[in-house]
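Structures are listed in the sections that come next.
Each of the two complexes below includes subunit A, the first together with subunit B, the second together with subunit C.
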Partner chain A sequence: MTDNSKSRLRLLLGQLNPLGLPLRQKIGVFGLAFLIALPLLVSLPVVGQFVVMILPASSWELGLYNVAAALFFAMFAMSWDAVSGYTGEISFGHGLFFAVGGYTSAMLNMGHGLSPWVSVLGGVLLAAVAGVMIGVPALRVEGPYLSLVTLVAPLILLQLFIFMSDIFGGEQGLSNPENLVGLGFVSNYFLALGLFVAVFALLWALTRSNTGSILTAIREDEDAVSAAGLSKAKFKIFAFVLSGAIGGLAGAVYVHTPVGSPTPSELMSVIVNVEVIIAAVLGGMGTIVGAAVGGLFVAMLPDYLNLVEFTVPVIGKSISEMSFFLFAIVTLFLLNIFPGGVLRWGIALGRRATGRDGGKEGMAADGGQSPEDTGTNPVAQTMERYQEYYDNMFGGDDE
Partner chain B sequence: MSADTTAEEAATATVDDEISPDDGILAVDGLRKEFGGLVAVDDLSFAVQEQEILGFIGPNGAGKSTTFNCVTGTYPPTAGTVWYKGEEVTGTPPHEMVKRGMARTFQSFAPLEDRSVLKNVALSMMNDNLVTMDGLLGEFHEEARAICERVGLGDRLHQTPAELPHAGMLRLELGRALGTDPDLLLVDEPFAGLSGPEVESVSDLLLELRDEGMTLVVVDHNMRGLLQLIDRAIVINFGSLLAEGSPDEITNNPEVQEAYLGGGLE
Partner chain C sequence: MVNDGSTSGAGGANGSKEIGDEYNGNKSKLNRRRFIQAAGVGAAATGLAGCLGGGPGGSSEGIPSEVTLGVLAPAPENNPIGAAIANSAELAAQKINNSGDVLGDADNVSVSIKNTEESPSTGRQRYRELTLDEGAHMTTGVFTSEVLLQLMDPIAQQKTVHMTTGAASPKASNQVNENYDKYKYHFRSGPINGYHLGQNMVDFLEAKGDDLGWESVAILVENYEWTNPVQQAIEDHIGDLDVEVAMEERYASGTQNFGPIYDSVEDSGADAAFVAMAHTGTPAIVQWAQDQRPFEFGGIHVLSQLPAYYGMTNGACRFTVTQNTATPQSDLTDKTLPYVEDYNSAYDSFPVYTGYITYDAIMQWANVATELGTVNSDEVVTGLEESSFTGTAGSLDYYGKDHEFAHDIKYNFSTDSSPEEGVNPVFQQWQETDGSGTQEVLHPSYVSSADYQAPPWV
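The block that comes next holds the complex of A and B.
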């Protein structure tokens, strides 16, 4: 190790010191610590009572299952954010990757007797290949056209699953493959949490390095990326492969837990595809953190609504019966008031409250863009991008 | 009339001579670009010498931008050959040309609106490794800051492009191009919309870059501010070479005057 790389390492480690972190990151570390301590907290006397109350289920066992399922969903949302949130190429069918990962691993395990620890790797590999298959066309078809491709691809896969239902189990899906860590509530919870932390750390570091800046630059202006001597093709394919592999990993591990199984409705339905987008955009598109938080929220909100035993007087329906309807209403409302995502809004609010200037924190916050020095948020950028394609489609002028 | 004849001689000499790879840092032979039935660039040949400032001049629609889009790889040419530093680079994609040391600025300005001036320049300095620790510590910013100061944006590091005045946008274009550490810099219409003192300060910067060993090609449709700056000029019209020579030879060339209807050469 040279002196230079030693000092760099020290700098990097110094940035990981929780006391030196900015407030928003302290909150994140605290949240993570809470998730880690959660199974322990429920067994404590008084505190446990309180913790069970705030869990999205009636008992702590089911609560841990639901949180574990939400952690998987948050991984799905992060995998979407890594490609669509950063490059602005919106995928409307990310379930393709979850399904390829989940089904591959399940079939390798059940059909060929591979240990789930090995079959998961097979799922990741094939999902990465699926990433290439979507990423390479993405170099030629862009914007709305690519979105159409991503929308249709999982539908084709679903039709394949249906007409070859003797192999893929049709719309019912496959039976449950072997679990990675048995049926334990706590062990499965930690499996989900461990994978969540690993995926988050990987994507966070990648998007905060130069790679993140380059991906957001692709979203903003592809010509500027070329003019900087950077190959936009290479980075786009990389983003798709990375996203596919991580989506596939989450999907594969998910089916090997008691909370998930390889079925179209859990991995690749239109609802899953749309919810993933809602989660990432709601949390804050192009931030990874936003997708993680948004994913947890979107996955757990219906669970919480299911717990409400209140019957709306006039129509005579209980809240839990309408949980998905209410969920949709709430997200629509939130998307309207926080177009840049809850995370960006929260950070801006926090900075105003603490009276600090974002520019003084030194490091680039969101892969080269911090919420305050952006005149345009990613959603607006992507809209602009799509507008351009539509203009060109109807004979607009390039120059 | 002697000036006219020398200019014509110079022009014809280049048209007749075959351009070979080693005629200059950039050599273009028989470049042709058609869009459908329209011939935008018609059998154009020229060479750029190392460390010169070449003016690339022509009326609007003469094919200047198309020529440079072909040279920098934005469009593949219909026919013809481009050599850069003695190597054939015809049809090489834009980012590869940048890596080989050819940078350009955009006449229409293409900064990244979503980030600061400093981060715009920093993007140009990144190498394209997919997985990197670089940037996690922000170490590019020191060099990027130096470039910003050089192009006169030292006091606007944290502003977004939208906050810059017109001249600032041009400076940012130059900064982003310099960030790629080029040997040849194509500058597209640098003086459009600049005031007298601004023209002078940008000219000084370009001269300074040349003195440090850079080769510059300055594209413009008129010669205001250009004559003091350039060593040599190439004039094109309707996609083909019209004249070539020193600034004096160009201004006295009757064909050039004709092309501009006498009005363009202030």
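The block that comes next holds the complex of A and C.
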């Protein structure tokens, strides 16, 4: 056990040297460096001009805001992935955590005059409590039943917000609370990026630790986890609390920036709940990296489509008018051709290209097992779990 | 530009709100087009331009040769309310371009229309595209209060005049009143705010209740945010009237079956249902007409304000009364009917109330900017505060900064003469002439076109 920990520590330390990293991680580090340098790059002569071209807006100011908003969405997707992507217990209502975090912080700030830096902590705390409230029932109900619970929970919260609209502002939400770092384009961008990196680092390290392996094992075979003498209840609750706290943190900070505000449609609408799942599955479920990349993609694709001024000839509608429709089509298409997620496909492609596809001993992005090893992927595993529940429900075990 | 970029980096990293604001003020007109132009001129010239172009308000002095009007409308392709906003903005720009006097120094006035999708985050995004990317000199539109309230901060940030032409929430004007320097760029050109909508209903009941024979009413209000101030105002003022409130119900949002509610209205013995309905309006009106409920129907019914609603409900809205900003039949000012005719010949339909208001807002802004000889938002704010402009819906005057409804259009109830200041909304009834429905005006008397007709089954 100690040797194991030591070797893991060595592995982790070794991974801090960028030159020794595998290609996929070099790409990741390069992407991160690009994001950090972005505000500087746009201010450079000539280069800046080209950088603005690739931003999801036609001015650098709005570009930075849009990327910041996408970073928050990527955090939402990562928080979903931490619980659903790893344990296979699909949450259809993760917006509950974003809303609890965001609303709590906004109300503590506006109603009780707390500094936003303090109120954000309150939001995180309450979101973690919400994690317990969803996590504990998750021990009794599983699979599709739990999904139903998570689907209904934010609807109940929304009804509460409407019912007590004098406190929660109903469907209109609350007005904007105080911003953490003012209105600056650059400062808010770095706030979002800093939090994104912190959340990513935390979840990445956790899911690559023993805990991550156990959570993955719960998805693959719960009975095996119990048989190994591990308490799956403890780990499931841990996953829900962790995910709730991270989602709440992202939601809380989000409402204290100019890119977000505490409204049901931004934090807990059905569209948000579904988009978060699409982002994580599209990027690569159960990898964290995939959720981060998928989150950025899903959040920015509509912005890019919106920039296209081309008008489709026959129907006479411009691309920007149909941006949401096209977004849905593109994601559906991508989900069909990359069922394991873009990340896994990219890694496999990279390995083939560099002639390293035999190297199965390396650690895969999903924390210890690569799709080739098991012959299936987390989406398929989760589907299998759900199939089992359905079979039991309709007596399919007779077949 | 280059210089500005690095300065902003420092300001942003500092995290100070003031610096962020100031920096934004300097940069608000920096879009890609200008970026490319400036890059061509060279770094030194760019730096100079950056210095010269600064100053609060963000707009260059004078009237630029290209004036851009930013318009935010819900689904302008499908939603009649959004379409009226978009079409009227186009019509106003066309009118300005054709006239030699209004914004005569500008070579071209163009309109950029964005769809808010009735979502606050989309609305905020589109607003920033208009102001940051496209350098709009003013913005207008916005139908949904939810969107407007989330735009108040971005408007304060961009320091660009915004004239709301649909959303009625008084929370926006309260913000202007409480923090004037920050929110002064917001004006509501119409409709009258939510509280005044309720007051207007009571004022109408006071003036016309006897003629209509409504001695007791059942107040039915749908449970949505917009009705909160409306209901508040009704409760504040209806007690002063000699009208009995037989029942009052705030029914659930999304109600589809009005049977039980109408049974209670019947039991209460009310002469009329006195309503505030938007989202739930159609099932309410269709069930009332189909079941021939023995009470009359009136108040604020937003969908009944649409000129095409008679066809949409197959005549079910016949005999119902609703408040409205203006109708194709109401000759409120000498601009009303010419506008309606222009609109009809350009788009082959009649405008919804948001159309009149949007047209008025843009014309008022353009006239104020012309008088001042600048599009600078700070100066235009002062100009609008002092302005009294006759539009299609009445006289556009705004409450001052110390009023609780700061920068909202003034509401002035009058039965027999057009008020000198502010607007006096009309009350219309759907009547049938020659087989087609028309929005006949019952009030005010100086534009009324017909007498009230009670439903024959009552």
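Quick note on the criterion: the second predicted complex is superposed on the first by the 372 of 399 C-alpha atoms of A that agree within 3 Å, B and C clash if a C-alpha of one lies under 4 Å from a C-alpha of the other, contacts with A are read in each partner's own complex, and residues count from 1 in each chain.
Just so we're on the same page, contacts are C-beta pairs under 8 Å (C-beta built on N, C-alpha and C of every residue); 3 or more make two chains touch, one makes a residue touch a chain.
Treat the numbers as computed from the prediction; the structure is a model and nothing was measured.
Asker: What is the contact status of A:284 with respect to subunit B (first) and subunit C (second): first, second, both, or neither?
Answerer: neither
Asker: So, A:213: does it touch subunit B (first), subunit C (second), both, or neither?
Answerer: first
Asker: Of the two partner chains, subunit B (first) and subunit C (second), which one does A:263 touch, if any: first, second, both, or neither?
Answerer: second
Asker: Is A:59 touching anything from subunit B or subunit C once the two structures are fitted on A? First, second, both or neither.
Answerer: A:59 contacts subunit C only, not subunit B.
Asker: Would you mind listing the overlap between the subunit B footprint and the subunit C footprint on subunit A?
Answerer: In subunit A, nothing is touched by subunit B and also by subunit C.
Asker: For a test of understanding, state which residues of subunit A touch subunit C in their complex under the given definition.
Answerer: Within the complex, subunit A touches subunit C at residues 39-40, 42-46, 48-49, 52, 57-62, 65-66, 162, 165, 169-173, 175-176, 179, 181-190, 258-261, 263, 265-266, 303, 306, 317, 321, 324.
Asker: Along subunit A, where are the residues that touch subunit B in the complex?
Answerer: 8, 11-12, 15, 205-206, 208-214, 216-217, 219-221, 223-232, 234-235, 238, 359, 362-364, 368-369, 373-376, 381
Asker: Which positions of subunit C touch subunit A when the two form their complex?
Answerer: Touch residues, subunit C against subunit A: 2, 4-6, 8-9, 11-21, 23-24, 27, 30-32, 35-36, 39, 43, 77, 115, 117, 119-121, 124-125, 128-129, 132-134, 145-146, 149-150, 152-154, 157, 169, 171, 175, 223-225, 228, 253.
Asker: Which residues of subunit B touch subunit A once you look at their complex with the stated criterion?
Answerer: 93-96, 98-99, 103-104, 106, 110-116, 119, 122-124, 126, 128-140, 158, 160, 162, 176-177, 179-180
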